[in-house]
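Chain lettering (A, B, C and D) follows the sequence in which the chains are written, and residue indices restart at 1 in each chain.
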Amino acid sequence: MSFPLLTATAALPAVGAVATAAVPAARRTAAKWLALLVSLGTLALAAVVLVRFDPGGARYQLTESHAWIAAFGVRYELGVDGIAVALVALTALLIPFIVLAGWHDADPLETGSRRWRPTQGFFALILAVEAMVIVSFEATDVFLFYIFFEAMLIPMYFLIGGFGDRAHEHGEEAASTQRSYAAVKFLLYNLVGGLIMLAAVIGLYVVAGNFSLTEIVQARANGTLHMATSTERWLFLGFFFAFAVKAPLWPLHTWLPNAMGEATAPVAVLITAVVDKVGTFAMLRFCLQLFPDASKWATPVILVLALISIVYGALLAVGQRDIKRLVAYASISHFGFIVLGIFAMTSQGQSGATLYMVNHGISTAALMLVAGFLISRRGSRLIADYGGVQKVAPVLAGTFLIGGLATLSLPGLAPFVSEFLVLVGTFTRYPAAGVVATLGIVLAALYTLVLYQRTMTGPVRPEVSAMPDLRARELLVVAPLVVLLIFLGVYPKPVTDIVNPAVRQTMSDTHQTDPKPEVEAAK
Amino acid sequence: MENLIALLIAAPLLGAAVLLVGGRRLDAVGHWIGTLLSTASFVIGAVLFVGLLGRSADDRTLIQHLYTWIPVESFQADVTFRLDQLSMTFVLLITGVGSLIHLYSVGYMEHDERRRRFFGYLNLFLAAMLLLVLADNYLLLYVGWEGVGLASYLLIGFWQHKPSAATAAKKAFLVNRVGDMGLSIAIMLMFTTFGSFAFGPVFGHVGGTSEGRLTAIGLMLLLAACGKSAQVPLQSWLGDAMEGPTPVSALIHAATMVTAGVYLIVRSSAIFNAAPDAQLVVTVVGGVTLLFGAIVGCAKDDIKKALAGSTMSQIGYMVLAAGLGPIGYVFAIMHLVTHGFFKAGLFLGAGSVMHGMNDEVDMRRYGGLRKYMPITFITFGLGYLAIIGFPGLSGFFSKDKIIEAAFAKGGTEGWILGGAALVGAALTAFYMTRVMLMTFFGEERWRTGSGAAADGHDGHGEPHPHESPGIMTIPMMVLAVGSVFAGFFFNLGDRFLHWLEPVTGHSEGHSPVSALTVTGATMVCLVVGVAVAWAQYGRKPVPAAAPRGSLLTRAARRDLLQDDFNHVVLVRGGEHLTRSLVYVDHTLVDGVVNGTAASFGGLSGRLRRLQNGFARSYAVSMFGGAALLVAATLLMRAV
Amino acid sequence: MNPVNYLYLAALLFTIGATGVLIRRNAIVVFMCIELMLNACNLAFVVFSRMHGNLDGQIIAFFTMVVAAAEVVVGLAIIVSLFRSRHSASVDDASLMKL
Amino acid sequence: MNAAAVHSLWTTAADPIAKIDAPKIEYGQLSPILIVVGAALVGVLVEAFVPRKARYHAQLFVSAVALAAAFAAVIALAADGYGTTKAHIAAMGAVAVDGPALFLQGTILLAGLVGLFTFAERRLDPEAHGNRVDSFAAQAASVPGSDSEKAAVKAGFTTTEVFPLLLFAVGGMLVFPAANDLLTLFVALEVFSLPLYLLCAVARRKRLLSQEAAVKYFLLGAFASAFTLFGIALLYGYAGSVSYATIAQVVDGNVPNVDPALADTMGNDALLLIGAAMVVMGLLFKVGAVPFHMWTPDVYQGAPTPVTGFMAAATKVAAFGALLRLLYVVLPGMRWDWRPVMWAVAILTMLGGAIVAITQTDIKRLLAYSSIAHAGFILAGVIATSKNGVSSVLFYLAAYSFVTIGAFAVVTLVRDAGGEATHLSKWAGLGRRSPLVAAVFAVFLLAFAGIPLTSGFAGKFAVFKAAAQGGAAPLVVIGVISSAIAAFFYIRVIVLMFFSEPRPEGPTVAVPSPLTTTAIAFGVVVTVVLGVAPQYFLDLANQASVFVR
């Protein structure tokens, strides 16, 4: 019985969350530091996981398996493949930045009751989310995954509804109502998705008799477990619906702009860069592996939805007047790419999609956090309230531009690699889809540059004339992200090496092979 | 020796990194660092050039494999550089002209507090451009391709506080992105066709693939080229790009970046040779653009915009040549190089003029400047002669060859293209002469007294034209020398031809008309053009306020209405589309969900009323329930 | 006489009682109607007891009476307290809680 | 009491009385019931003879000890194997001692104990004239607002009768799920109903509402039990006996010796079907299933909150126990008749409860409707008609009851001048005022909503799983949908507590005595434990899921 590394990776933030929440009201700063340390510790553990993981090794590694709820056929089973490792690493990596970026977001304005401790709560909730996300990345037991997939909604819900931007164009009252609307919308959308998935999970149990991903996949492979076509399709739809809400995929996306718009920038990053990844990740791990045939059956529709998401999200981003909502719609477009890559059923597509999850996490974090710093300075989310910022705050503007360029996936920055892989992967199997998707890169340039032009360039507006440039803490948040963006853009091999074997496995589990190029086909 | 190749790129890249990250503490020396590093890159280039000359003609290709970039199963993208005669030519042009313009900028940007960043961007551009021409596979080329796009975006919008500049920058990037779409699709096509997108394998397998595929790839590459090289229909951005500082216009939008399209086509010669339809389209695009640009150039009063139009047209020549296939490739590149010299020179000249005229760009407020800025006048004049193809100067050789080749294409299209090229020559002569006359000859319209500048433009009052400092004039002189002798030098014993032939291949076309006739015709056109221009702008004084002009003129002033089209169709249409989509998203997609929630609420409210508080009505519901229960149970047994 | 007829009588009484519960307002009367229903049950028990020739039904009838008595105790207590605080025994007046 | 006993009595009337053999009663196995009922009687005596000052403590002591002892007895019996191997029918066929019975009795006793704590809470209201006061009227008989009431309050009277009443109710509830003949069923029904009617009437604040609730509950309850009784009569008529075993035999049609009368009635299925339907209806009334639910909101709202909590929890447990036994032991033979009907009822109940709850504005009514919805979920498990179904229902009931008591206990804490502030608008911003209480209540709400890692989820999963395995997939889907709807209003409350600004004149949160604290804490613990590590209890329910026949 070796050291339960994966459990530790999730347990540390969980314990940290409890500890942070327990910090007395007066010791606010202590809570912040505690949270930061815990998140760093988690990062360290994740690094160990990354090191201990052997790309050439078994399908699932560092596995743990304990009896849990025998009556439901549920075991506490953890294990990571390349895809999971990458995403665990991403999560553990982003949380410290999120904590750091949100350093002052939860300082109580008015001292309410002695026992009202928003700051402690804020950081505790973030850590709780981290713990749950990590477990759901590591879980190889469908039920275990489901539990945390659902449970993470609650802390997210409090993060969205409980903490908003300091100043708000319509005043605090309107802000709080909008916030709680956004929070409820987020929760209900995902809860409905989750409950429908619950029905499918139960159905899966009735069919399979247990929840172990590995066992079910094996049983399906060697024919001991037969699933009627209709059953498989229904179950697939049940699962996919939940993931499509989480991802989010058009037309189930409308909760995201509200949530990201109302939440503070760090929380918005938490949503789109970390939590939503669970949805796309789950498509790759559960939908494809548990229901390969149904996945193939549904592919055309899903591809269309993904394409719509790409174009639609981008167009709406162009039409936004609110910085954060713009980023949100941009994310919707990007999630379209990820889904496209997953269901293109080619190794390029799926490796690209995985890579895309990581890169999108980093790039959105960069863009959104800088946007958050910007908003916190001016106290408005409206693009129209800015102008000429680059004159007064060149560094802020510069990092913002880099974040933007990453979002429009400029070659040399990380997102380009993944986006191009997805495009190629799609194109090789569905040329038309690939071509339509490339429209996305033009539109991405449009909304990003328009955003940059309206906020950063032009004559300096009086309101921003006194705006300070990035502070040390903020620079400490952004700089590493930028470095990472460039590094992974120039040298993504480390990630692809981890991801490729897992994708190869998934491809074989779904009985897929890459289409051959014409010249070889000719031979 | 191939290990030096990476250094070519590394030097300016380093410069960019240092200058951009370094911060204010480098403000004092930043420009020198930039210049130094670009020059270093030039030196390395020269060394490599010498090295190449030292080798036999057929193994002048150096490959440097740095590392594997994106490996996913069969998709293998490497960071590998290829230095052959073609890329060597570009390296020298880029680094050479680039270094000169760095030098020039030291003076030009002297009073700009963000000069350090300017040099950072310039270095970034050099690095990207070198990557573009040195890449050994199309994906890496794509990186450079977008890199130069980024640099040009940053530099066009360098004076970001000017909304016009910011807009122009955005426009340039967007239009280029459309082109980039073409390039990325081309790469995907290559991958699906050849299973690779590295030059070697792709060109190697051209034989075994259907012409349809190749044509598709070719057209996609052409789309990319159109975007980058401002060819119709994606030319609209170049004019606005003149918002950038003049050195930028000289380097990026005249000498180097805009010619990347030509490089792409020539580099992909293998594909185009096998796809005649694609080639035809290329020639058509080239022909149309060379006329289009020329016409626009004739109408503009803004000196830089006039030159921009000319650039467009000259690149049209190159694209046309490139489209002609083996008979044209070499001359396309040759014209590209010579054009690099004289057009850069002209732009620097224009910059120098503006420098002396309080950044005035309207040629109608120039006039008689030759005695105030003699050096500028001479260098500019030489560039002028070169571009119009004055016998003996660079332009003459390169352009003449292209026109010949055009006729040599044979058949009707041969005649049409050749004709177009000739007309273009005439127009070139016309608009360049116009620029020359309006700027350096005639009365001094800038004097406030002459009422020309009565509406005191940008408040400077009357300008005091003066010659620019040496640091600016020296580069101009160097370029002038280039524009005078380059052509002759290249053509001496077909040096250039032999140099490039191993890469691009070459074949003599059988022209229906003899080379001499062509040359003659060209001369005639030239004379005609100059004469007309003289008649219009030399003999009678130029009106300070632009006359209404003919319909064509007015259209030409507005880039032949192309911008209006864009504005109405794309911009307006796009705005409407997005706005309506936002509405749809809010009312429909969101509405459905909220609607369902609301309907549940309504239902709840209605059901709630049943709970009316009267015990007896509860009893009724129980009684009814019981009755139903009994009835249902009986029914179940019945069925 | 056919015992089944007594069953019909019992059913009839039960229905009358139920109807009374539904239509009468006065709590006391409603309660009496319920008692009527219980007694209808008793009749049914006795009849069945007779038909089956065992005593269970009759025993149960006694139980029922006891239970009914207990109900009376509790019920009257509640109704009286209601009446005293509202000066009305109408079940319809007692409708503060609704919706 | 079964037929044979009575018969012998009758035929041998002529013989000497000495011949009468006393019925055989296994006192040991009935000890839980006997203890509780005995204690109730002691409680009555206490009321009679113990001086007023000492009554409260005496009653509390007696009840607590009794409930604890009874629980201990249940454990002992279970440990002794009466739940599994030695399960059999005691008291001459009147009472079954088997797994389900013991499990549910244990649950009821614990619920009773926890409920008792909330009954005994005396710190929430400010002291009246220097006397501690609980949630019950000083003198139930006195007219609200009258001088006699004031006098009673001044004299510091308290209605300590609630404790024996509670015990009687518990006693009845203990018998109810164990009853093995229809007569016992009916008697038990009345025995636990009547005290509840009274308990509803004795609220200290808002007495009019309380009395109204009592009247409604009483009249409708009596009405329902009349139906039950008639149903019993018909079943008796059909089978010639009230013993479950016999009826089951008759229903299955394998009776050893059929006498003509029986043959006659057996032929008449109408008796069986109508009778069964009416009995079931009586039970559905108790569990508050649509359309027999309408008493629930009013009674829950009007009754004293501790009573509501106890009632909501224990009644459901007992009634579902009885329903299970009836359907699984007596009527499995006519499964194909009642299953579809129960389907309809379950669907109506799930959706109805969830939908109507959306627009509620009073927290107690809200919880009432939520309890209706939950009844629907449990019915889904009942319909499974399998061992899994039974165990899942048992588990769900155990999980649900403590959450409910806890939730209502929290409701008693939130007070303003008029007593408990049950209107939702007053709960706005509670999370700011007292985060802990709000958090606890949020936990309960999440459990109701069935969020993973709470007992609610485990229960819901168990029930739906059983239903799905029982071939009721559509029921599962509808259940899932209605729990989505239900989630909406639980979340509304959470939003209210945490995200809306507190009202200046908002309610205060009283600091409870250890009694209520224990109740709430117990609720939280159960919620979390059954949510995170339910395995042990699932096993327990699984072992206990076999009915003795």
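What we mean here is this: contacts are C-beta pairs under 8 Å (C-beta built on N, C-alpha and C of every residue); 3 or more make two chains touch, one makes a residue touch a chain.
These numbers were taken from a predicted model, which means no experiment stands behind them.
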Going by average Cα coordinates, which chain is farthest removed from subunit D? B
Applying the document's contact definition, name the chain pair with more C-beta pairs in contact, C-D or B-D. C-D
Per-chain Cα mean versus the mean over all protein Cα atoms: which chain has them closest together? A
Subunit A and subunit C have mean C-alpha positions lying a whole-number Å distance apart equal to 65
Subunit C and subunit D: spacing of chain centres that average the CA atoms, whole Å: 24
Report, in whole Å, the distance between the mean C-alpha point of subunit B and the mean C-alpha point of subunit D. 81
Averaging over Cα atoms per chain, report the distance between subunit B and subunit C in Å. 97
Which subunit B residues touch at least two other chains? 597, 608, 611, 613, 615, 619
Hey, what residues on subunit A touch two or more of the other chains? 188
Multi-partner residues in subunit C (2 or more other chains touched) are 18, 21, 30, 91, 94-98
Touching pairs of chains, which are they? A-B, A-D, B-C, B-D, C-D
Which residues of subunit D touch subunit C in their complex? 1-3, 6-7, 9-10, 140-141, 143-144, 183, 186-187, 190, 194, 197-198, 201, 207-209, 211-216, 218-219, 222-223, 226-227, 229-230, 232-234, 236-237, 240-242, 259, 261-262, 264-265, 297-298, 301-302
In the complex with subunit A, residue positions of subunit D that touch it: 391, 432-436, 446, 451-453, 457-458, 461-462, 464-465, 468-469, 473, 476-477, 480-481, 483-484, 487-488, 491-492, 495, 498-501, 533-535, 538-539, 542
Going by the contact rule set out above, which residues of subunit D touch subunit B in the complex? 215-216, 219-220, 223-224, 227, 269-270, 273-274, 276-278, 280-281, 284-285, 290-292, 294-295, 297-298, 334, 336-338, 340-341, 344-345, 352, 355-360, 485, 488
Show me the residue ranges of subunit C that touch subunit D in the complex, using the header's touch definition. 7, 10, 14, 17-18, 21, 27, 30-31, 34, 37-38, 40-41, 44-45, 47-48, 51-57, 59-60, 63-64, 67, 70-71, 74-75, 77-79, 81-82, 84-86, 91, 94-98
Write out the stretch or stretches of subunit C touching subunit B in their complex. 18, 21-23, 25, 30, 91-92, 94-99
